[in-house]
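As structure tokens, here come the structures.
In what comes next, chain A is part of two complexes: it sits with chain B in the first one and with chain C in the second one.
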Partner chain A sequence: MLNAILAITGLALAFGLILGYSAQRFRVEGDPIADQVNNLLPQTQCGQCSYAGCRPYAEAIAAGEADINRCPPGGEATVLALADLLGRDPKPLEVEEKEKAVAVIDEQTCIGCTLCIQACPVDAIVGAAKQMHTVVEPECTGCELCVEPCPVDCIAMVPLERGLQDWRWSQPAPSPIEQPRRARRKATEERRESA
Partner chain B sequence: MQLHHFHGGLKLDEHKAESTARPLLTMGVPKYLYVPLSQHIGAQTECVVEAGDRIAKGQRIGRAKDYICANVHAPTSGWIRGIVEHPVPHPSGLSAPCIKIETDGRDRWGDDRLEPWRDWRERDPRSLRERVRDAGIVGMGGAAFPTAVKLNPRPGKRIHTLVVNGAECEPYITCDDLLMRTHPEAILEGARIVAHMVGAERVLFAVEDNKPEALRALTDAVASGEHDFIRIVSIPSVYPTGGERQLIKVLTGREVPSAGLPADLGMVCHNTGTLKAIREAVVAGQPLISRIVTVTGPGVREPRNVEALIGTPFADLVAAAGGYRPDVDRLVMGGPMMGFAVGDDAVPIIKGTNCLLATRPQDTPQPGPVMPCIRCGECTRVCPANLLPQQMYWFAKSKDFDTIQDYGLFDCIECGCCAQVCPSNIPLVQYYRFAKQEIWGREKERQKADLARERFEFRQQRQEREEREKAERLARKKAALAKKDSAPTEKKAAIEDAIERARARKTAQPAKERSAQDRERADG
Partner chain C sequence: MEYALILVSTILVNNFVLVKFLGLCPFMGVSRKVETATGMGLATTFVLTLSAVSSYVINEYLLTPLGLEYLRTIAFILVIAAVVQFTEMVVHKTSPLLYNVLGIFLPLITTNCAVLGVALLNVQEAHGFVESALYGFGAAIGFSIVLILFSAIRERIAAADVPVPFRGSAIAMITAGLMSLGFMGFSGLLRL
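Our next item is the complex of A and B:
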């Protein structure tokens, strides 16, 4: 009896020491999960998730404070990737997915106030005070943060041109039988009504 | 020669006799040609002519600006009438930039025509490869991959065998068959040139056994002393034997590794049409400006093969084949298995157009409604790439793109065998194409996100630095101000010091004076 108690206590002490030492020795700075989540976010820094950027949203997700379906620029793909990473159930997006767009400055109207330059999170707008501004298209993430501050409303979001290179095959529609029961019932009801 | 089998495959109705009954027809020059700038896999070609330019036949009008890219040449002489958005052969049905050429009917070569090299045996492989590149040659079996890239040696990979792909396994298509019947010498010379270029010791020329005339023509054309070097091999006709990997498996019994290339086995595989084009480029100095196209199907009156200039509208080719039959409803570029429907017959032919297939609703039975997968396993039985199509279908459907890659999605050659046998009529190939493009698209988006993160973090760092510098500047200014304030006190101290000294002197002086006065008084 005593031997057993001693043995268990000894083991507990030994492992406690090992664990305590390794907790100090191999301490990880920052939050690795937030980093992984941040890597999956589209980095538009648009704030549409109601957080101040992708990093704060990632931290909120990692802390379990935020849902994973609040990133409209990332779309369904990001929700699925996050669900996969965190082992949560995927959810439909809170807001509808928007078409990808870039900001375009109407250079005739621009007064050179630099407000949009200060708003751009990725430094994609070039210009100087009282000089015309312009958007560097390949760097623009389409976050729309520059639209609001413009005093003369000269920034428009223009949908990206889709050439042959960007064209993609769509996912085939599922078999009518596989559609959810509710949708099927609705369809039959409609048919009955129209008849 | 010992032949092997690949897994699966299908025996399909060939429908080849319709279009081989009539001789090859060389088409005339149409009034307008629309030459697309992007006819190949890879980057779009850069246009080097302007509207109004006079051009000669074979003149380069599009320059390859990337490694995986191909030059585009004027198919005939005439005038450039602009770079216009015109429908192109593509499953999307979208328009793309095309060079519009008004032809002058003279078909005149220019002065800067490539020099014919009859002495190619004495030429360096590198310069021959450069010639293939200059001539804008791409794989003519349909995929249109730039040939010069394929001919480039890879470090540490020695090529010992050139496989010539004359299988042409897809139903209805007969353009390679006609080419082999009519130009066997040219194809064989092309094969010798390529063998010389890559240093191959033998050439395996594979032709399906449903083309006896082509086989005979080729066998007759092989020079008597050359039988050891070039072997014409008759292979059983099973769809898709014409796939590069399947053909190599049939000929040698060896499998090209997943994510590898035939070069990993010391082999390189080229289509017969490509070899003919290489021969024309080297021996005749003629870039790739025309090709043979099969115009066939129950929807045309006189199915046949025509040799047409690149940029000729589909409508002209159909007219050369006797025109449409009534109630044609579908025009397909490529074969019935791997082709895609085009919505408009103004679409021009491109370097990879091997076949035009017109069909009527009564000839193609409508597939029934799509039903759920019942896991019958038929697709697995016929898959020539030895994949599990029904598993990949589930993963594509649920957008599980990591797992689908583990199941070998990128080894799928999109041959369509699985969809053909599926009793539930599931459009399997479209699921795989969707998954592949989605994976590529996500990869691109990831790169974009990485760039955005880099720029955002850099901006944050910059802002922090600016803040810090500002704070430092402020602190310096404050310190300077404090110094200014403290400077007067020093001065004050100095002044006070001086006053003190003066006072001390004063007190000392009166004392002296007084003592002097006292002395005077005492004296007086």
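Our next item is the complex of A and C:
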């Protein structure tokens, strides 16, 4: 009887020691998935996903609280990369993907209040107090965060012209062959019913 | 030769999932995607081999000399739980994505009856050390092969036009049954 108790206690103790050691040895620092997700996000900190920045959004994705299709600056490419990383199905962007646009300051109306400079997450606006401001076009991500704070409404979003880099063929008309079988069958059934 | 026979026997002829019907919970639960199934197969292989070896050692050098054979089941459960816990830590450290995808099924390897089944069958059939290890390893390879095959079939079923009454789990059950029938065909191959 005593043997049995001692044997089981000894076994449990030995395993406890091994597990305790390996818990120290294999400790995971932070959240590695959130880090990987964060690396894929565009780091504009624009808040269009309704989170405070890219890092909180990455943490929400890693925790499974947020969908992967809420990042307009990243566009379709980011959604696909995230879907690939997390093994989820890619979805169309929640917010309709807008034509890529940049902010342009009407320099005649600008009063130099610096409010838009503070709002810009990527430091794409240059200027000083009581001096005219302007937008550095290649840096602008088109997040529209500077439009709201401007007291004289002198910032407009101007769509970018399509250059050689982002020009794409327009989508072809859907062909009858690529339609799913079920849809085709439904169409046949409907035709039969009406006949 | 005998060792090769053990491997063939556990992988094909006496496959733990499709012939002995052990470990069906992860077989149905983690077979939705091939990548997940592969990860689960690797984790289970690790656990099964390690627990088969360590339960042999504990049975042979602790329980039998002390005459405590009646404690076998609880001692084996203790071994398996510790090995699974260890595996969980290693997977969390080395592959956080796999850890996330496997979720609850990783700690549930503890209750995978194939794991306890291998440990107890090793004792029952009086296997030696190498035989025990091979028996556990073979069982795990058989489990992984069947799991990966099944998940590949399920991926294709997901894209197929299944009649309404059979959608979801129903068609999965039927598929598993047909696979089991197929594996029964190996039973004439050899006897152990």
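Going forward, the second predicted complex is superposed on the first by the 138 of 195 C-alpha atoms of A that agree within 3 Å, B and C clash if a C-alpha of one lies under 4 Å from a C-alpha of the other, contacts with A are read in each partner's own complex, and residues count from 1 in each chain.
By definition in this document, a contact is a pair of C-beta atoms (placed from the backbone, for glycine too) under 8 Å apart; a residue touches a chain by one contact, two chains touch by 3 or more.
All values reported here derive from a predicted model rather than from experimental measurement.
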Exercise. So, A:L164: does it touch chain B (first), chain C (second), both, or neither?
Worked result: first
Problem set entry | Superposed model, chain A: greater residue contact from chain B or chain C | B
For this session: Using the touch definition from the top, say if A:T44 reaches chain B (first), chain C (second), both or neither.
Result: first
Problem set entry | Touched partner set for A:S22, first chain B, second chain C, both or neither | second
For this session: Answer with first, second, both or neither: which of chain B and chain C does A:P56 touch in the superposed model?
Result: neither
Exercise. Touch check for A:L11: first (chain B), second (chain C), both, or neither?
Worked result: second
For this session: Using the touch definition from the top, say if A:L85 reaches chain B (first), chain C (second), both or neither.
Result: second
Exercise. Which positions of chain A touch chain B when the two form their complex?
Worked result: 38, 41-45, 53-54, 76-77, 80, 84, 121-124, 139, 141, 163-165, 167-178
Exercise. Along chain B, where are the residues that touch chain A in the complex?
Worked result: 38, 44, 88, 90-92, 94, 96, 369-372, 396-397, 399, 402, 424, 426-427, 430-431, 433-434, 437-438, 441-442, 445, 448-453, 455-456, 458-459
Exercise. In the complex formed with chain A, which residues of chain C make contact?
Worked result: 33, 35-36, 58, 62-63, 66-68, 71, 74-75, 78-79, 81-82, 85-86, 89-90, 92-93, 96-97, 100-101, 161
Exercise. Which positions of chain A touch chain C when the two form their complex?
Worked result: 3-4, 7-8, 11-12, 15, 18-19, 22-23, 26-28, 31-33, 36, 62, 85-87, 181-182
